[in-house]
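Structures follow.
You will see two complexes here that share chain A, one where it goes with chain B and one where it goes with chain C.
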Partner chain A sequence: MNSISPECQELKEKYDACFNKWFSEKFLKGNTKDECSGLFEVYQECVKKAVKDHKIDLWELEKPVLGTDKEKKDPS
Partner chain B sequence: MSSWSSEHIFEHPWEDVVRAAYRKYPNPCNPAVKGVDVVNRSVCPQGTIQSHRLLSTEFPLPEVAARIIGTPEKNFISEHSTLNARNKMFKLESRNLLGANDHAMHISEHSKLDRSKSTYELQSKNLTLGHLVTVHERMEYFPHPQDRSKTCLKQQSTVKVNVPFLSGYLERLLIENFEKNAMKGRNGMEWVMDRIKEEDSSNKVKQESSDILTQLETKFKREAEDLKQSMDSFFHKTQANTSPL
Partner chain C sequence: MKFYSDSSVLNFCWEQVAVSFWQRYPNPFAKHVLSEDVISRKVIDQELYSKRLLRKTNKMTNWVKKFSGGESFTYIVEESIVDPIRKLITTYTRNIAMQHIVSVEEKVVYKQDPENKDMVVCERKAWISSPLRFGASGPVCSFVHKRFKKNSLKATEGFRHVLESMFSRNDQSPSMNIPGQMYMSKEMMTEGAKKATEYAMKIKPLIPKT
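Presenting the complex of A and B:
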């Protein structure tokens, strides 16, 4: 899968590979210590820069939604 | 504003489904998704993972809607999710964002209502889809209450169209699309789960081959040493029995 920005492609692939492996072999088996945070930090820096460069509405990205009162309720 | 919801059962356990959910794209059933990035992720030792992802898609409007609203620019979707491994719940919530050119758009300046032709044209120079169409989606994956080998998916979508006069009509069109897209999404998940199963068995075979090779290597080494020891001991005995005359 492509990154939003080509500059982040390699970093994304390295991080995704680490996360997917860790998630199935460690996290789902009860070992919840994050082992990919180093790779993620580098990748995240690149993504944040790409978001700025694409002028994507940042405020949307900073607000958490799930677990807050902004979380959508079941439509009834 | 219009809403739509559905429920589905995957014939797979929750762990397999959530592994696929994190790796859903790319898949041949959802070609509209062009890019995915993780903007933020935090792992809690208690067994939860919060993620914030940004997806870029071509927003495939039904043709009639596209003719009215115009050809959209790249559409971005912001997706927040929480996975709780303890109570086996994976919740995702997403909405489309305003596009790259997020200037306020005054519809009256850019619109032309032609009553005679019953068309409503919008000049789409500064148009981004996010100003006109807002789509919220919410999904929950959890184990089937009666059968843990299966996983339930509850899905809800709401759409709001900000086009005067035509919002009801366009919303209905988009809602009809949700059922089609939901099926594509589920088929996409099945495809990803099949790929993961293939990977897992291929990795298993590789690991088993590697284990067998290691065992054979150890066995040969041991037998070679045993043989060496036997030979050494034979030579010693032979030398001892042969006394120089």
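Presenting the complex of A and C:
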């Protein structure tokens, strides 16, 4: 899948490959020790710059909703 | 505000659904998804918390375009928690652009069917609201609600398509239930496609020219 910025594409692919392998071979079997942090860090540096360049609302992006009381409730 | 909910079943085990969840884009049913990036990711108490940023095309009718200034895409934040012990994936998705016209928040839970461990139940809920005034919010919400319903079916179809291409439905051998053996790299998929092409080339001369 494409990254938001073509500059981050290669870093994203490397990280995604590491993550997908870790997720199926380790995480789902109960081994939660992170193995992709180096690749994630360089990929994140690139994405953060792209997010800034695209003028994305950082406050909205960073705000946690899942698991908080900001989640919408079922209509009663 | 408009509320939407539906429920669907995926005929795959929970581990397969979890592996495919991260690889469900691109797929032929999600051409509107332009990009996908991880923004944050951490493990807390054996659960995986992720946040992804998606960019999607935003096809609106002309009258909605008037409000939106003609923006042709929007940004979506997808938060998720994967709980491998309870076999649950919970996602919460919301748009973080164009909220001055409409906000769509969606919560999806993928859980192992309590009666059949080879099936996953997907429960989807969505809330659509608009801050527009002078009677405009009703039609906007109705339009988006209708489109959401259509897209929700497409999202499930797309997910099924990815699951089917990753995990052959014919192979019901017990090894398929071991998560470690389910990971399929891009190279493996490319290799499969290459073999299929080679095979097609081989059988081609057998097809009479018309």
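We take it that the second predicted complex is superposed on the first by the 74 of 76 C-alpha atoms of A that agree within 3 Å, B and C clash if a C-alpha of one lies under 4 Å from a C-alpha of the other, contacts with A are read in each partner's own complex, and residues count from 1 in each chain.
Quick note on the criterion: contacts are C-beta pairs under 8 Å (C-beta built on N, C-alpha and C of every residue); 3 or more make two chains touch, one makes a residue touch a chain.
Since this is a predicted model, take the numbers as computed values, not measurements.
In the superposition on chain A, contact of A:Met1 is made with both chain B and chain C. When both complexes are overlaid on chain A, the residue A:Ala17 reaches chain C alone and has no touch with chain B. Of the two partner chains placed by superposition, chain B and chain C are both touched by A:Val47. By the document's definition of touching, both partners, chain B and chain C, reach A:Ile56.
Residue overlap on chain A between its contacts with chain B in one complex and with chain C in the other: 1-4, 8, 12, 15-16, 19-20, 23-24, 27-28, 30, 32, 34, 40, 43-44, 47, 50-51, 54, 56-57, 60-61, 64-67, 71-72, 74-75. In the complex of the two chains, the chain B residues touching chain A come out as 3, 5, 15, 18-19, 22-23, 25-26, 33-41, 43-47, 49-50, 52, 54, 56, 76, 78, 80-82, 85, 91, 93, 97-98, 100-102, 136, 138, 156, 158.
Of all the residues in chain A, the ones that touch chain C in their complex are 1-4, 8, 12-13, 15-17, 19-21, 23-25, 27-30, 32, 34, 40, 43-44, 47, 50-51, 54, 56-57, 60-61, 64-67, 71-72, 74-75. Chain C makes touch with chain A in their complex at residues 1, 3, 15, 18-19, 22-23, 25-26, 33-39, 41, 43, 46, 48, 53, 55, 75, 77, 79-82, 84, 90-92, 94, 96-97, 99, 105, 107, 125, 127, 179-180, 182-183, 185-186.
In the complex of the two chains, the chain A residues touching chain B come out as 1-5, 8, 12, 15-16, 19-20, 23-24, 27-28, 30, 32-34, 37, 40, 43-44, 47-48, 50-51, 54-57, 60-61, 64-67, 71-72, 74-75.
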